[in-house]
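Next up: the structures, one after another.
Heads up, the next two complexes both have subunit A, just with different partners, subunit B and then subunit C.
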Partner chain A sequence: MRKYLSIIMTVVLLTALLAGCSNAPDSGGSGDSDVYKFAVFAPITGNYAEYGKGFEVATQMAADEINAEGGIDGKEIVLEVFDTKGDPKESADISRRVTENDEYLAVIGDFSSSNAMANAPILGEAGIVQLSPTASHTDYAGMNEYMFSIMGRQDGEAPFFSTYLLQKYAGAEDVGVIYINNDWGKSAYDNFMLQTEKDGLNVVSEENYVEGEKDFTSLLTKVRDSNPDTLALIMHANDVALIANQVNQLGWDVNLTALGPGTSMQIIELAGENVERLLLSTPFFITEENEEAWAWSEEFKSRAGFEPTVHPAVAYDTVYLLKAAIENIEGDVTRDAVREELQNLDGFVGLTGPIKFNESGDITRKYLIMEIEDGKFIQKTEFDYVD
Partner chain B sequence: MISNTFENVKKIYKKHAKIINIVLIILLLIIPRLMPNSYLMGIVCRILMYATLAGSLNIINGYSGQFNIGHAGFFLIGAYTEAILATTYGWSFWPAMIIAGIVTSIVGFLVSLPTLRLRGIYLAIVTLGFSEIIRIIALNWTDVTGGPMGIKGIPSPELFGFRISGPVDYYYIFLIVGILFLFITNRILKSRVGRSWISIREDELAAKSLGVEANRAKSANFMYGAFWAGIVGATYAPYYKFIASDMFTLDEGFNILAMVIIGGQGTLIGPFVGASIATLISEVFRFASQYRMVIYAILIIVMMWWRPQGLVGAYDSILAGDDKSLKKRKKSITQKVGDN
Partner chain C sequence: MDYYLMQLVNGLSQGAIYALMAIGYATIVGVVGMVTFTHGEVIMIGAYAAFYAFSFFAENLFLGIITSFAASWLLGIVIYKVCYERFFDSPRHIPLICTIGFSMLIKNLAQIVFGPNMKAMPQPIDLGFINVLGVRINTIQILIIVIVISLSTILYIVNSKTRWGIQLRAVSQDKKASALMGINVQRTTMIGNCIGCGLGGVAGMLLAIYYQSILPTMGGVLGLKSFISSVLGGLTNIPAAALGGILIGVTENLGTAFLSNSYRDVFAFVFLVLVLIIKPEGISKKVGGRP
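Moving on to the complex of A and B:
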C-alpha cells in the first residue's frame, strides 16, 4: 500500500513540476498578435475571495460586451485572471511573471492596497500599467507614473461628508466618530477630521476598532457618554449593520450616518428597520430609472449569483477605461502608449461616473447623498449639491 | 523501498561529502545566471526565505520540543525593525539587519519568561496570543509603524556601491542567510547547548536530573530561533519594499508551521523541503484557480497520512545533528519504553 502510494505521490509531484515548466512564461515578444491581452490580478482564494469573484465576473462582462461589438479596432480583448490570494508575496511573484511576458498590455488590479503597493515597484520598473479599481491607500497611485486607481481619493469623499452631508444636509452639531483601523479607514478619518476642524464641526468623541470586530457594545457605551446627536460611521457595510443593530439594542436614539459602504444592499438586509433614516454618501447609484445601469446590475447578478457592490462596478469600468485609452493611441499600441493615453484621457464617463486622472494617477469623485426610507435607498441630492 | 533509497543516497553522500557539497554550492551560486528569469527566481527567493524562516521555527518546535505557533510575530518584529531603522533613521541595510535580529531575540527572551512553566498546547496558546498582540501593536502604533498605512519605500541594500534589488540579485542575500543559518545551527546543535535542547525535547525531567538547566536552555532556544526569524524578517522588508501589518497575520504563522511539519520536525533539512513543497505546490497548481488551495490541502493530508513524521523527518536524517549518538540514544530509549 505504502509503496503504491509513494509511487503515485512521486508521479503526481513530477507531473505537477512538469506542468509548471510548461506554464512558464515564454519571453518571446508577440506585440503584433491580433488580441489585446490584459492580466487581471484578483484574490480568487483567501480572505477576500468574494471581491475577487466580483472582479473576475465584472471584468469578463465588460470584455464580452466589447468583443461582441467587434473589440477594439477589430481586435478582441482577452483577460487572464491571476489568483493573488490577497497575499502580497504571491502577487509580487505574479507581477514578475507578467513583466517577463510581452503579451500583457496592462494589469487590472490588485484588490487590496497592500498587494497593489507590493506590485508597484516591479510593474513600474518594467513600465507596465497597474490600473487598480479599488486600491485606496493615499500613497499608492503616486508610487510611480504607471500606477492608477479609480476608487476615488479620500480627500474628496471625507470633506464632502463633513461639510455637505453632516452639516448642510443633516444639520448635525455634536458628532461621534467610529472608524475601522485599516489603511482606507485611517485616511478617510484623517481627511474627515481635517475638514471638521476647518468647518468648526464639534467632534465629541472618536473611536476606532480592528477589522473583524463583532461586539461594539462597550465602544458604543463610551461614545454615548459624550452625548453626540449624530454618529459618523467610517466603515464597510457589515459593520454599519452590526453597529445599527447594537445601537438599537442599547435603546439609544441617535442619528446614523455612514461613510464607505456605498449603496450596499447588505446594510438593509442585515439591519432592517434599525437603519431607517440612515444617511450615506456614494459615488454612484443604480436605480430602475437608469436603464443601462439597471441592466448591468441584473446581468451581474445572473452571472455572479450575488448583488453587485461598488467594487465590481469599478472593476467593470477599468476595462472600458483601457479600451478608451487604446482607441486614443495614434501610433503603435505599446505599454507606454497605454500609460500615456490613460493619463491624458478626457471626457470618459463610466458606469460609476466621470473619470479623469489627476497627475499622480488617481481621481477625485463627486458624491450623492442617500437616505434609507422604507427599506430602500432614496437619492436625496444631485451631483451639483456641492457649491 | 523508499528507506533503501534513502540509505543508498546517504551512503553515496557520506563517501563523497566534500565534492558533493562543493558542486552543490557552485550550482546554487550560478542558478541566477542559468535562469535569469525574474519570475522563476522570485519563486526561488520565496522558497529560500521561507526555508530559513521555517528552519528558525524548527529550532524551537523541532529541537527543544516547545510548541510555538506565533512565529509570524517574530517575523514581523524583524521586518518592522529593519524598515523603521532604514526609512526613519536612514540606516544601511547590513547593521539594521543585525539589530533587527538582536531586537527580535530580546523579544523572544521576554516571551520565553512567562512560558517556561508551560508546555504543549498551553504554550501554543500563549505564543498565538503574542503573535496577535504584536500585530495589533504594529497596526495601532501609528507614529512609529505607520499604523494601517504600513511602511513604504524601504530602500534596497547596497554593497560596495551596487544596489541589490530584484530577485536575480536578491537571491544571493537569501542564499547566504540560508547557508549561514544552516552552518551555525549545525554547529550549535552539536554543541553542549544544542544537546541540552534535544535532551529537553526527549525528556525534560531526565534532562534536569542530569544537570541541564532547563529554563536557561529553553530561553536560549527561544532567543536563537527568534533571532533568525528577525534576520529573515529584516531581509524580507527591503525585498518587497513595502510592509503592512496584514502581511503578518496568524495565517502566516500557520503557513510557516505547516512547512515545518510537512518537511519534518527536528531535522535541519526538513524545513527546506517543506518550504519548497508548500511554495511549489501553490505555484504549480495556479491553473486550477479557486481549487488550488483545495488541492494543496489534499496533498498535505495525503502526505501526513503517508509520512506523519514529515517527508524527511526522522532523527537519523543526515542533517539531524550528531546522528550517531542520536541513533544510539533512540535505540536505548526504544528498548526501555518500547516503540511508540
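Moving on to the complex of A and C:
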C-alpha cells in the first residue's frame, strides 16, 4: 500500500513541477531550416502575468499575419513562448537553454529590465539577439551589441514625467515619490530625481519597496506625514492599484500620478473609483480615429480578452522588425546577420511609430499624458506638448 | 506623536492577521506534531473561497467567514490524508517534504484554475473612519481586530471547556497515552489540523479584504510569516503564537516608519533571530508538545 502511495505522490509532485513549466508546443522539429524560429520570453505567470499574456498574444498575432502572407521569403515564422515568471533567475536559466539550441534565430523579450539584463551576458556571449519590447533601463541596450530595446529609455520618459506631466500639466508643488526597488524602478527613479533637481521641483519624501509587497499602509502613513500634494508612483499596474486602494483606506486626499504601468486596464479593474483622475505617461495610445491601430486593438481584444496597453503593441512590432531585418540579409540567415541588419535597419515604421536604432541599440520616443476619467483612459495632450 | 500611534495601529491590524495565521499554525503543529509548509496555500484558498462567495452570492461578511473557514477545512482534510495519515511512524522529513510538494501543487493548480492575474476583492463593509485620540482608524482595521479577537476567544473556549478541546490537548501532549485513554487519535488529529487550516482560511479572507486584492501566489510569504510567528511563540503555544504574530506585525510597521519599507522582511527575520538567540524556546515559558 505504501509503495502505491509513494508512486502516487511522485506523480503528484511531478504534476506540480510540470504545471509550472511552459506549455509551448513541440513544433518546428530539430535542424530543419524551412522555418524561422524565435524564442519569446514573457512573464506568463506571476506578478506581471497581464503583460506576459499580452506579449504572447501580440507576437503570435504578428506571426500569424506574416505567415498568412507567405512568411519571410516563403519560410514560416514559428514562435516558442517561455514563461520567465518575472524572475531573473528563471529567465537566466531559460536563456542558457535557448543558447544551447541552434534552432532559435533570435530572442523576443524579456518584459522587465531586471530579466533582460540578467539574460544579456548569456545571450550576448552566445551571439544571439535579445530584442526587448519593453526594457527601458538606461544601461540595458548598451550591455553588449546583441541587446536591443524599442520602448524608449528612462532618461527620456522620466524627465518628461517630471517637467511636463507633474509641473506643466498637473501643477504639482510638493511631490512624494514611491518607487519599486528593482533595476527598472531604480533607473527610472534616478533619472526622475535628476530632472526634479534641474527643474527645482520640491520632492518632500522618497520611499521604496521590494517586489511582491502588498502592504503599503505604513509606507503611505510615512509619506503622508511629509504632506505632499501629489504622489509620483514609479511602478507597474498591480502596485499602482494597491497603493490607490490603500490611499483611500487612509482617507487621504492626494493627487496620484504613475510612471511605468502604461494604459493598463488592470489598474482600473483593481482600483475602480480610487484611481479616478490618475495621471500617467505613455508613448502610445490607440484612438478610434486611427483605423489601422483600432482594428489591431479590436483583434487583440478578441484574442486576449482585455484591452491592449503600449506593451503588447511594442511586442507586436518586434516580430515585424525581425522580419524586416531578415529580408535585408543578403546571403545566409545567421544570428549574426540578424543582429547586423537590425542595427542598420532604416525607414521601419511599426504600429507604435518609426523605429530606428541608435548606436547602443535603443530608440528615443515621445510621450503622451493620459488621465483616467469615468473608468476610461482619456488622452490629454498631443506629442507636440513638449514643444 | 500621532504619527507613531498611527503606525502602531497599522502594525496592530496587520499583526492581528499574522496572529490569526499563527494561531492556526500553532494548532496544527501542536496536534499533528509536525511542521507544515502548506499553510500559505491554505490561507490563499480561504481568500479565494471568500472571493467567489462575495462575487456569486452576496457581499456578506458572515458568509465570507463561513465559506473561507469551510473551504480551508476541506483542504485540511485532503492535506491530512495525503501528507500525514500514513507517515506518523515514518521519519519526520517525509511528511515535511510531502507538505512542500503539496503546497507547490496547490499553488500551480490555483494559477490554472483561478487565473494568474491579481483580482480585485469585493468589499463586504463600507469604509468609514473613527477618530481615537487624534488617530484616524478605519472600519476595516477595526473589523480585523474584532474578528481575530472573537475567533481566538472561541478557540480558547473550545480548547479549554469542551470535550473536543480536551481531546485535542491530550493528543497534542501524548498520542500514545491518549489512545490508551480511548481517544480516537487519528480523527482528533485530523480535526485539529482542520481547525488550524480553517483559521488560516479566515486570515486569508481578512488579508484580501485589507489589501482589496487577491493573487494565487499570495501564500508564499504568508506561510513563512505564520511559521516565524509561531516559532517566536514557542511553536505550539497558542496564546504565545498570537503574541508572536502581533509583535512581528508591529516590528515590521515601526521598522518601516523609522527606516525603509524595502527592509520589511529583514526586520521580521532579524527580530526572530534576536529572540531565538536570547530565548531559544521562544517567548512562552513552557515548551508545549513535541514539535
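Keep this in mind: the second predicted complex is superposed on the first by the 280 of 387 C-alpha atoms of A that agree within 3 Å, B and C clash if a C-alpha of one lies under 4 Å from a C-alpha of the other, contacts with A are read in each partner's own complex, and residues count from 1 in each chain.
Heads up, the rule we're going with is that contacts are C-beta pairs under 8 Å (C-beta built on N, C-alpha and C of every residue); 3 or more make two chains touch, one makes a residue touch a chain.
Since the model is a prediction, treat every value here as computed from it, not as a measurement.
Engineer: For A:S114, using the defined touch cut-off, is the partner it touches subunit B, subunit C, both, or neither? Pick first, second, both or neither.
Structural biologist: It touches subunit B, and subunit C stays clear.
Engineer: According to the stated criteria, A:A68 is in contact with first (subunit B), second (subunit C), both, or neither; which is it?
Structural biologist: A:A68 contacts neither subunit B nor subunit C.
Engineer: Which subunit A residues are contacted by subunit C in one complex and by subunit B in the other?
Structural biologist: 2, 5, 9, 12-13, 16-17, 19-20, 44-46, 49, 181, 210
Engineer: Would you pull the subunit B residues touching subunit A in the complex into a rising list?
Structural biologist: It comes out as residues 1-2, 37-40, 42-43, 46, 136, 139-140, 142, 147-150, 152, 166-167, 240-242, 244, 246-247, 277, 280-287, 289-290, 292-293, 299, 302-303, 306.
Engineer: Can you list the residues on subunit A that touch subunit C in the complex?
Structural biologist: 1-2, 5, 9, 12-13, 15-17, 19-20, 44-47, 49-50, 181, 207-210, 212-219, 221-222, 225, 238, 241-242, 245-246, 248-251, 266, 269-272
Engineer: Hey, which residues of subunit A end up touching subunit B in the complex?
Structural biologist: Within the complex, subunit A touches subunit B at residues 2-3, 5-6, 9, 12-13, 16-17, 19-20, 23-25, 27, 44-46, 49, 81-83, 85, 87-90, 92-93, 96-97, 99-100, 112-114, 117-118, 120-121, 125, 137-139, 143, 181-183, 185-187, 210.
Engineer: What does subunit C use to touch subunit A in their complex?
Structural biologist: Answer in residue numbers: 3, 6-7, 10-11, 14, 82, 86, 98, 101-102, 104-105, 108-109, 111-112, 116-120, 127, 129, 136, 138, 140, 207, 210-213, 215, 217-218, 221, 252-253, 256-257, 260-262, 264-265.
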